[in-house]
Each structure stands twice: as C-alpha cells, then as structure tokens.
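Multiple structures follow.
After this come two complexes, each holding subunit A, first together with subunit B and then together with subunit C.
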Partner chain A sequence: MKNAPEIRYQGRVHELQKELMGGYYAQLTDIAKGRSTRKNAHLLIAGNPVELVRAFDMLPVFPEVNVLQIAARKASLPLIQKAEELGYAVDNCAYVKADIGLYLSGYEAPYGTVPKADLLLCNYVGCNVYLNWFEHLAELTGAPAVNIDVPFIRSADGEPSSEDVAYVVKQLEELIVQLETITGTALDWKKLKRTVELSARVGEMWSEIKSLTKLRPAPYDAYFDSVTMMAVLYCLRGTEEAARFFEIALADLKERATMKQGPLPEERFRVVIEGPPPWPFLRVFRDMFTRWGAVAVASTYSTVGGIWEFGFRHDPERPLESIARHMLSQNLCNRTFLQRYDQMDRYVNEWDADAIVIHSVKSCRLFSAGQGDMREYFVREREVPTLLIESDLEDPRYFSQAQLRNRIDAFFEALTQRRITAAADVAAGGVA
Partner chain B sequence: MRYAVGVDVGSTQTKSVLVDEQGRIVARSLIDTGAYLVRAAERSLEMCLTEAGVSRNDVGYAVGTGYGRFKVAFGDDQVTEISCHAKGAWFLFPRTRTVIDIGGQDTKAIKVSERGEVLDFSMNDKCAAGSGRFLTNSAEALGMEVGAIGPKSLEAKNPVRLSTVCTIFVETDILSYLASGKKTEDILSGVHGAIGSRTVALVRRVGAEPEITFTGGVARNIGMIRSVEEKLDLAINVSPDSHYTGALGAAIFALERMTAGSQVLA
Partner chain C sequence: MTLTAFAPLPAVEYYRDVVEDRTFPTVGEWRRRTGRKAAGSFPVYSPVELAYAARMLPVGLFGGGNQIEIAHADSRFQSFICSIVKSTLELGFIDKLAPFDALLFHSICDPARNLASVMARNFPERRSIYVHLPQNMTSAGAADFLAAEYRRVALELAGVSGHAPDDEDLRASITAFNAMRARLRELYALRAASPEKLSTAELYTLARMATFTDPAESTLLLAESLEAAGARDARPKDRIRVVVVGSFCEQPPLELIAGLEEAGCYILDDDFLLGWRLFRHDVPETGDPYLALARSYLHDSLHASTKHDLRDPRAASLIASARSNRADAVIFLGAKFCEPGLFDYALYRRALEQEGIPHLFLEFEEKMWMYDKIRSEVETFVESMLFV
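== the complex of A and B ==
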C-alpha cells in the first residue's frame, strides 16, 4: 500500500493518442508558421459546434486544451504570472491567465505554436469569465469574436425547450454566414452531414467504452485514462481519424475487459470522481489513488465536452438542431446542479461505485460553488462516502501534496477499516 | 511483556505514547518537531522508553502518524492522524461520536462510529486559518505565553468581534484593537470566539452528534473549550491526555496489529 505500484495501463490507446495529438499540434504549428493557409477558430470545450467548423475545413483550436497540456508539462506558472503582471487577479481563472500569458509569449508552447485565431468563437457563455476571456483575446489579437448565447438548462427534466433550440439554431445559421465570409466558401451541407455522422459514430463508441467500466475490474481508469481519450474526442471529433481511434480504443479496451485486466494489479475501491484533475500534478495525484487500489469507474469531468453515455447522439439528418441540443443540454457545465447530482447518482448505482471523490477547483468558483452541499447530499441523503478535496486545474500554487494525501489516505483508511469490521462481523456469525 | 508505541510527528510538536499489552498508557513524551523529522521521532520514542524503563526490543509494533508519519523510520505502519484521533478519542471516551481536533496547522471534525471507526470528516482547506497557529500568533502579538491566553480570555467583559480568522492578518487586527484601547482579555475573547465559530461550522458539516471529544494541543486551552461548548450548547469531553490523542490512537492501532497480526489496515 505505501509504495505505489508502477504497473498502470499504458496501452495502445495512449500510444495512438500521442501520435494523433502530435499530428494535430503539427497542423496548428503549420498555420502559425505560415506553412498552411488553412483558417482556424478558437473554441471552448463545453458543448461546442465543432462539426460546423470542421465542415468548413477550418482547424478548431482549443485554448483550454492548449493550456492544460502546458500545465501537465509543469510550465503553466510563468504564463499565469505573466498575465498577473498585466493585472489579472490572483484568484482569476488560471486557464484564462495561462492562455493570455501564452499569447503574450508569442503563442510558443512546448508542443508547438498556437496560431492567432481567424475567429474567436465563444460557444459557452454560462461562465462570464470565459466570455471576458474571448473578449480580451479579441482586444489583444484583433481577431473577430462571436458569442453564441447558449441559455442554461432551466427545466426539471433537463431538456431544452423548443424555443431554446430554435434560438441556438438561428445563431448557428448566422455563424454559417460568418464562416462563409472567413473561408470564402459556401457551406457544403453534404460535408456537414458527414461530419455530424462521424461525431455520432464517435459518440456511440465512446458511450460503449464508458459502459465497460461497469465491469469488474474496470479495464481502464474512467478519470485518469479517460482524459487521454478526451483529447481525441474534443480536438478531432468529426474527423475520420477520430472515428478510427475510437474503433481501435473500443476493441483494445473490450479485449482488456474480456481478459479481466484492470489498470491496477488489484481493484480494491471503485470511485466516481467529480471535477477536473490538477494538471500540474496529474501523476502525483493519480498515485495517491493507486496506492489504495482505487480506480475511477466514472467521472463527471469526462462529460465536460459532451454526455453520450445516457443516449444522446448527433443526428446527420438534423445537423444544426442536434448540434444545438448538444450545446444546450449534453455537456456538464450547462446543466443544473440537480442534474449533476442525478448524473453522479447514476454513476454510483449503475457503475457500482463505493465512494465519490470531489476535486474542487480553487480558481473556478463558478463550477466549484455548491460542492460542499454536493458532498453533504451524497453523505447524508444517499449514504455514499464522499471526500471533498481542493487544489487547482492549472495553477500549481494551490496544490499542497501533504494536505491532499492526508485527506485521501484518511478517506481510504476509513473505508478499509469499515470493510474489515464488516468482514469480522460476518465471520463472527453474520451480525453485520 | 511487549509494548506498542504510537508516534505522532505533527507540524509543531512530536508526541509518543507507549502502551502495554492491556492498553494501559505506560509513558508519553512531547517535544518540538523542528526541522529533522526522523530525529524528532527517534528522540520522542527514546524519551518514552526511558520514562517507562522499557527496552527497544520489547516494542512489538510501532505506528507513525501526523504529517511526518513517513519519517518514523522505525514505524511498522503509518496511519493518518484523522484515523488516530478518532481511535484515541474513542479509547479515552468510548461514547464519543464526534471528535474536534485542533492542531498546529489544521482543524478537523470527525464523525466516529460506536467502534471508533471514522465515518466522515471535514477539515479546514489549504490555509491555517482558525488553527492552533492562529492562537500562537495572537499570543505573540499580545506579548503573552500561549498557555496564558485561554484563562485570560475568560476574564472578558466586553469581547471584541474579530473580523478575520486569517493567521497572518490577525496580528494587524490585534494591533488596531490595542491602539483603540481595547483590553487584552476582550481581544482574546474575540480571538477564541473566531476560532470557535469556525470550528463549530466544521463540526456541523459532519453533524454535531454527542458525545463530543476535543483533542489536540489546543484542547489544553480552557478559553477554546468554553468557546466551543458555548457555541455548540453542549458539554465536551476533554482528557488530560488530549494533547497525546493522536499518538495514543496510533499506539492503539499498533497494539491491535501486534496482537491480531493479520488484521491490519491494508
């Protein structure tokens, strides 16, 4: 228990992802260095119309992915500080600060160069900080900016109203005109349908991959390994290569499931994890769970850019409407808190989890507010052991290793102790 | 006779408790942790052994706890102080259902089963606001010994309301109260009240089920005991061994493991 085993899942999925993401960043660099005249749009992850961008053969660029990749390489702090020198507050969203810092550093990242946007497409306005992020980028870079106003979900059943859908579709139609102007080409509806069809196929396979962690042992970690697949899901969705990646991933993970291979030598605890990972300390953080044989069987973070496991699929026959529905209701951030509870409840029950771990993000109050209540809901009303811990997704200054490990160790110690006691009771004559 | 030992290497102080096979405390030791954790753990154990007149070979099992638990080089196992405070409090007061532990850098509320297992816990976030250090800094700002501030706070007639629980900013707050002519005891009452409120908020998160046992170094402070009791409207258990509760819990875990052999925590 005390020393984390070195064995972990580093299979074909990880290798192939590295290759694909390397290719994707080479495309970004080609544009940035003037070796390609392809147009690009900067988009946000939470429910976006990437299919539309791809249909125009524009390259989607994701500032959030760019900066988390930098954080994972332990290079985010100088960028954050660069933005703070400009006047951004210490508790401002660290993703925003790192991206502004990256721009101020000539968009040179460890994995390539980020091109200046031809269009800043703010597709998620539930976060007012994100709205300002793209406005600031517009001011700094001079690029045109578009905000698609996506209303929050307000209904009890979690479905958008027909008016909400029509409202977003109308804005997408206006966006098409803008994209036609930028690219100088008319929308090829056939290509859009094909892109949407590819997204639907990827959604189908991703959904099937997610259901594999219902098995014991889970063939991969639905938090730490999911992020590997999420990179392809978000950056390359709507392409043939993303579809091929998911075919291979699905086959590989199915095979592991058949062979009863999990990411750890022994799956001792099945957990649901809520909240994004602390990117600057991903490995250290993972080891804190590995040490206890804890495997994530589901995570809310893996739905931040789309929820497919509960049945949603893009529809090539109604491309704009299905993109609008995806933007409105099929991503974590645009949903109500009660829907977030329901989602986690389903994970605990259908994925048969022992506990929940909430990783709260210090520099994102919008997403983290209410997580104290969330913990209480699961502990008191659902009787699910739930741990709330806090650091940050991008800013290494908020990560205190000893404090985090102490809480995680205590949490799994308590779960272990209760198991021992319960087993002793059974041995003593079924008093449990 | 064999013995079990628990060593609690805390952020401020290192505590050890030696128990015999019947679970009776035979020795305890308390030293400042300092910068060398391995040495602190070693010295703390040696002091216990000397006090009890026990040879090191007679120690059958050792459990390390506290932030420096992995530096207890002679430890057979490590357990977090959260589990250890629960265990120790339950050992001292078997009807304990809630534990309040205020240490040097953090404050914890722990919900405990009737068998001393941790059911839930809540801690201050990554900031020492409202912890033992807050009291130490307040005492320093007032030029007093930390042991004297609790009794002094009980003399307050017109307690001030402190606006901060920040361990750093409290010093400037205290200075401004002194500048405006407030009495030391009234300021100290505000200091204890601020931590008391913060602690009770943590306790309510896990549910303030009686009996409530107060552990950790700060439990020696009568001002804090009264402040928490008043805010909870409940009497709380405090043992003369409260400061050693983490080490005691570790010693009880060590004893269980020494006698049961296989029934260990992972």
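== the complex of A and C ==
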C-alpha cells in the first residue's frame, strides 16, 4: 500500500455547509462589531438547551466550534501559547487555552469576530472542564455566568431519574427568567415549540443519514464527513436553515447510496472510530485511512452533541422536558464510559464493522481517560481488532505523523493478513 | 523524617505508618470487631454519613501513595492521567481493595468519572456507586435534587450492608461526624494561630487517621491530640508563613509535607484531605437529615477545585485566606496531571500577582520518594523571602 489516491472529499453538502457557516459567522461578527444589537450566549456542544436560546432570538456562540475551526486552519498554536504564558498548563485542555488565547487576541478569528458573551451559559453535561472553562471566562471577561447542572447518568438502565429530570427542568425555568431579563422580552412559547419541532425534524433526518452507512459501500465517511454536517447540526439546530440543509444532505446521500457510491473508490475495511479528530491535521489523518480503503461507518464523536440514531427525538409538546432529556441522557458526554462501550458494540454489530480505531486525544480526558481499558474490553471480550493511537484535537505539538502512520499501517496490514488467512482456511475447509 | 521537635503526640506516633499502609490494617480490625462492612470513598468530598448510617465504615481511598508499583493500571489509563486514578485501579488488580464491599466515586473530574466505570467493569464484586454532586449552587432545585441523590446512595449502600438507615440513624451519623470535624477545625485553628505548636506533618497524620477510623474513636484521638498540642510551650522559629493549595485530591507523601516545613515554612492553611472537613460549621442535626447534608454542601462548605460556586470566586477566597492568616506567601502544590488543580493555578497566579503576594508553583506525584529537588526549590524560595 503506497500512497493515498487523490481523493476530493468535497461535495454538494460540503459547499452548502460552507455557505451556511459563513452566514452564521457573519452574524457573530455583526454583533461583535456593533452592527447588530442581537444578544448572544456562549454555550457548549454536549447536550445543550440551544432551543431556548434560539426561541429568544439570541445567537448561540460555541467556543468549541470556534477553536476547532482555528485549529483546522492551523492557527491554534499561538493562541494556546498565549494562554500558557498566563499560567495555563501544558496538560490543560487545549480547546480552553485556544479560546482564552482568542479572547486575549481581541476575539479576532480567521473566519470572523467572536462577540463577548451577554451570558456564559455553561451546560455542564459530563465534561468537568466545561465548568473550569466558563468560570475562567467569567473571571476574565466579567460576563455574567450560569451553570446548568446536569446530573450524570447513574442508573443501570441508562435513563435519568424523575428527580434528575425535574431538577434540570427547574434550572431551565430559571434560565428562562434570566434570558427574559437579558433580552427584555418574555418567552414566546409558540416560538419555543416551533424551535423544538425543528430540532426534532433535524434529529429525524440526521438519524436517517446515520443509518445509511449500514449499507455497503457506506455513502459517506461517518467520521471525516460527519463533521461537515455536525457543524450545522450544532450551530444551527432549531432553525429553518438547518432543516433545509438536512433535507438536501439526506437526499444527496441517499442518491449516493442508491448509486452505490462511497467516499473511496473501494471500501476495503469498515471501521468504527472513537474519539475526536486531530483538527490541525485532519486531511493528513484521513489519508492514512484512505490508503487502506478504510471507511468509518460509525463514530462516537458524531454523538457528542446528541444521540439520535437510537430513537430519541425532541418533543414540541413537552419542550422543556425533552430538552432536559436530551441534556441528561441523549448525548455521549453525559453517559457513562461503559455505556460508550455498549454504543460501540452496537456500531460494530449493526453497522457491520471490521475493526475499531480509538483516537486518544490528550486534551480531552472525558473521551480518553481509560481508553486502554476500552481497548482491553474489545480485544479480549468482544474479539474485535482494535487500534489505539494518540495525538490531540487542537494542539499540533502532539501529532507525530510518522509514528501514527506506522501504527495505522501495521494495524491494517495485520487485518489484511487475517483476511487472507481466513479465506485460506475457508478454502481449505471446503476441500476437506 | 521528624514530624516535630516536641514530645510526640501518641496518636501521631501510632498512626504515622498506618496512614500509608495499603493493607488497611485498622479497617480489617474494625470489620472483625464489629462484623460490619466498609465502603471506600474516592476523593474529594464523599457524603460519608450515609455509609456510617448504613452501619458501614467509610474509608478514604487515596490511591496507592508511594507504597505500590503500578504494573497493570498504566495499560488502562494513559501516561497523561494523574497517578491516583491509576494507583486506585492498581489496588484493585493486586487485591488490596478486599476490605471494601462498596466504592464511592464522585463527579469531581473526567478521569475520576471514567475510573468509576472501569472499576465497575473490572471489579463487579465491589459495588461502584457514582455520586453526582451539584454544580449549580443557586438553583432552587439543587437542595431537593441532592437530598434525593443522597437517599438513592443510602439505599444502594443499604443493599450492600443489609441495613437500611432510617432518619434517626442518619442523624446519629451526622452527629458523630460533626464531632469529628469540629475537632479537626479546632486543630486547624490551633495550627493557624500557633504553627509552632502543631506541625503540619502531625496535623496531616491526625486528619488522615480520621479518614479510616470510626468517628466515635477518631474524635477522642483528635481531642486528646488537640489538648496535648495546645499545652506545648513553644517559641516560633524563623520561618516564612505560607498557605498551601492544590493537594485536594491526590495526596503528597507525608515526607514531602514534612520537607516543606523543614525547608523553612510554617503552613497556616492547606487543602489536604479537604473533603473530610469540608463544612465550615456543623451540619444541622434536626429536620430532614438528607436535606441538611445537602444544604451544608451547597451553602456551608469550603472552596474546592472540584466544586464550582459562581457566587464566590475561588481566587478571591485564596487571597482572603492568605490575608487572614497573615501569610507571607502561597505555595501551589499540585498533583501532576490534575486538570482541575492546574486550571485553578492560572486563576490563582493572576490574583496573587495582582495582590503582590509571592507564590511558588510545585508539582508532585503521590508515588514520588525523592524530595531533594522540591526541597531545594522551597529552600531557595524561603531564603529569597527571609533575606530581602
């Protein structure tokens, strides 16, 4: 296996996404530059109440998306270093450091300008770093902050208790009062319902899109191509534009599926990828799989902001409760590590994968802490070939290209060998 | 290692080796004597009253210290994860958790949360219980939620111990731990007022003893020690006065703590073993005991790096502690790879610089056993302060 074939990973969906995200960032910039008086709230990706923010016509701002875009443009390191000069440690999550560095640089990003928050809305959904992050932003910027405390899943069945739901709903009601004060308008419940309805529709289409990769060949890569759709899913969920985007994306991908068109000329291996991507080297990293004909048919990363493929839908008739349930149990981050093993097990079986690749990122201990145990589980107990590799999602200093390539090559070589041996065994069995 | 220049406190003498003994000899002895079970509590704060009310002995689980070699757990948790997570798992692999029938973990950080899952998978015979401690201190729903959470945890513990606690059991447990914590507060106050009478290495040993001893016994031992230390006749030495922060979860070796003092510091305040003395006052012993515990956590607890209280910025509280203790400096003594601690350091550093309070940043690992480098850093720091 020599080099990756020259593949253009772009398509209609990609172009449309660029257009929508461009519009979204223009709105951010308008606020930042004082051309718009619209209020904004900074919030986090894992299970969030963006529907409420949208219902108040506030603009949601997502620091995680802001900094990953910067990393993808290979511009994250100076920002990270700026934060480290202030006393942040090399071991702190680099998303946070890049965001603090961005703030210290006047919030000027390559794609636009980020407005200072009217509200720092920390949806504490699993990740404890979220709490640190927004606490630091509150100290640095002086913006008002609130934590929405979302109890972690503790039950054997993976469902929140009625007390958990009541507690989150109570906090959402308190948030409504805060948002009313910030915007000076009362909540329009009809608008909230419509927003929740749009989320439900997007969830439905996204879920359908995800099931398309069960087909052979998978019409798109559920890791590398999913991130294109995730930007819209997260930043624009609850809007008419997002719904239109997903209609087009679904139609496009269905058509590809009918035509048996995959992202690569040949789908040789179907893999499940666990962990966030290395944003500064996304293309290089993708090529390492492409050269082996390896396509991701499912990924855990595509569920950080919500899990829809197993049936959850927002419910416009019970808007607050369904937002609360989404935050509590319908996203990867607030579920236990063992629930993640189960989720991956389902992917391997229902999406018919050959192997698992665990991309362990140093920044994100929510994802990575304990992935050695995860590997042990899949290799020993499930007998699924599993590769564990390490780098980072934001900090380019932790990406060792040669080492990663060697590990990935060795893994797929072994898988290839295994196939040859298995085929030979079958042939031998046939003769006997 | 010398813990003090005075006649030693008997409890300190007795427990100085026990605190680092990972066979948990006193826990085994308690089990045999009472015929009851024990629950291990991972830091930082654990609602220990619930286990005690369910007739179990709550015991602080502070990893392996520098007593064990990590041979298995480092293939499960990566190199960039703090030591206590790995050494706690290792204790399971080398069968040192046998005295514990239940293990409690809390929503303190991402590695500890994943550890709870990994422990549950690898050691299903010891019930892993995960406790969600709220991070919205001002919501009108927080106290009710936490009280419900505590009821759930009490029921789970009852499933292990065979005794379902009623409200009276829990009130009695609260009373027992209130008494223990009151003595700890008094010892802390004595050290802050007269650090020459009670060394931090001694205080640490006593506080650590309280993390694995029945409160009915530890309260007496603490009270005796308080009296003996208070009666010491001592003259202050030429040392700098410092507040130490950053060691709220993984614990530095006792030798390192003693080394800070020997290098010329009086430690006036610290966050060692913080969760075991988290409350500023007694938990109310009347009314709904679950709600009382919940309210004390929300509204009457000390700052912790793993607790986010937006009402009261943590850096301001560190400055207040330094000021009220008339500290010359702050030493940040953080566990390597401890993300919550490292985040706080950035806030502390900014505030300390603004206030003109000198500080020293030190990193430790529980498993370290060479202290020369840290010690000489502290000596240099002390000298720079004493002779300017």
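Note that the second predicted complex is superposed on the first by the 423 of 432 C-alpha atoms of A that agree within 3 Å, B and C clash if a C-alpha of one lies under 4 Å from a C-alpha of the other, contacts with A are read in each partner's own complex, and residues count from 1 in each chain.
Here, a contact is a pair of C-beta atoms (placed from the backbone, for glycine too) under 8 Å apart; a residue touches a chain by one contact, two chains touch by 3 or more.
In this text the structure is predicted, and so the values were computed from the model without any measurement.
Engineer: Identify whether subunit B and subunit C fit side by side or clash on subunit A in the overlaid structures.
Structural biologist: They fit: once the shared chain is superposed, the two partners occupy separate space.
Engineer: In the superposed arrangement, does A:Ala138 touch subunit B (first), subunit C (second), both or neither?
Structural biologist: second
Engineer: So in the superposed three-chain picture, is A:Lys170 touching just subunit B, just subunit C, both, or none of them (first/second/both/neither)?
Structural biologist: second
Engineer: Go through the superposed model and pick first if A:Glu390 touches only subunit B, second if only subunit C, both, or neither.
Structural biologist: both
Engineer: With the two structures laid over each other on chain A, which partner does A:Arg216 touch: subunit B (first), subunit C (second), both, or neither?
Structural biologist: After superposing on A, A:Arg216 lies clear of both subunit B and subunit C.
Engineer: When both complexes are superposed, which of subunit B and subunit C contacts more residues belonging to subunit A?
Structural biologist: The partner with more contacted residues on subunit A is C.
Engineer: Thinking of the overlay built on chain A, is A:Lys18 touched by subunit B (first), by subunit C (second), by both, or by neither?
Structural biologist: In the superposed model, A:Lys18 contacts neither subunit B nor subunit C.
Engineer: May I ask you to decide whether A:Glu376 touches subunit B, subunit C, both, or neither, giving the answer as first, second, both or neither?
Structural biologist: In the superposition, A:Glu376 touches subunit B and subunit C alike.
Engineer: Per the contact definition in the header, classify A:Leu338: touching subunit B only (first), subunit C only (second), both, or neither.
Structural biologist: Touch partner of A:Leu338: subunit C, not subunit B.
Engineer: Determine, under the contact definition given at the top, whether A:Lys33 touches first (subunit B), second (subunit C), both, or neither.
Structural biologist: neither
Engineer: Which value in Å is the smallest Cα separation between subunit B and subunit C when the structures are fitted on chain A?
Structural biologist: Subunit B and subunit C, overlaid via chain A, are at closest 6 Å apart by C-alpha.
Engineer: Output the subunit A positions appearing in both contact lists, the one against subunit B and the one against subunit C.
Structural biologist: Overlap of subunit B and subunit C footprints on subunit A: residues 372, 376, 390.
Engineer: Would you tell me which residues of subunit A are touching subunit C in their complex?
Structural biologist: Contacts found on subunit A: 83, 86-89, 91-93, 96, 124, 126-129, 131-132, 135-136, 138-139, 145-149, 151-152, 154, 161, 163-164, 166-167, 170-171, 174, 336-338, 341, 360, 362, 364-366, 368-373, 376-377, 390.
Engineer: Which positions of subunit B touch subunit A when the two form their complex?
Structural biologist: Result: residues 67, 70, 78-83, 106, 113, 115, 117-121, 123, 125-126, 205, 207, 263, 265-266 of subunit B touch subunit A.
Engineer: Write out the stretch or stretches of subunit A touching subunit B in their complex.
Structural biologist: 1-2, 292, 372, 376, 379-380, 385, 390-391, 398, 400, 402-403, 406-407, 409-410, 412-414, 416-418, 420-421, 424
Engineer: Considering only the defined contacts, which subunit C positions touch subunit A in the complex?
Structural biologist: These residues of subunit C touch subunit A: 74-78, 80-81, 85, 107-111, 113-118, 120-122, 130-132, 134-136, 139-142, 144-145, 148-149, 152, 306, 308, 310, 313, 315, 337, 339-340, 342-347, 349-350.
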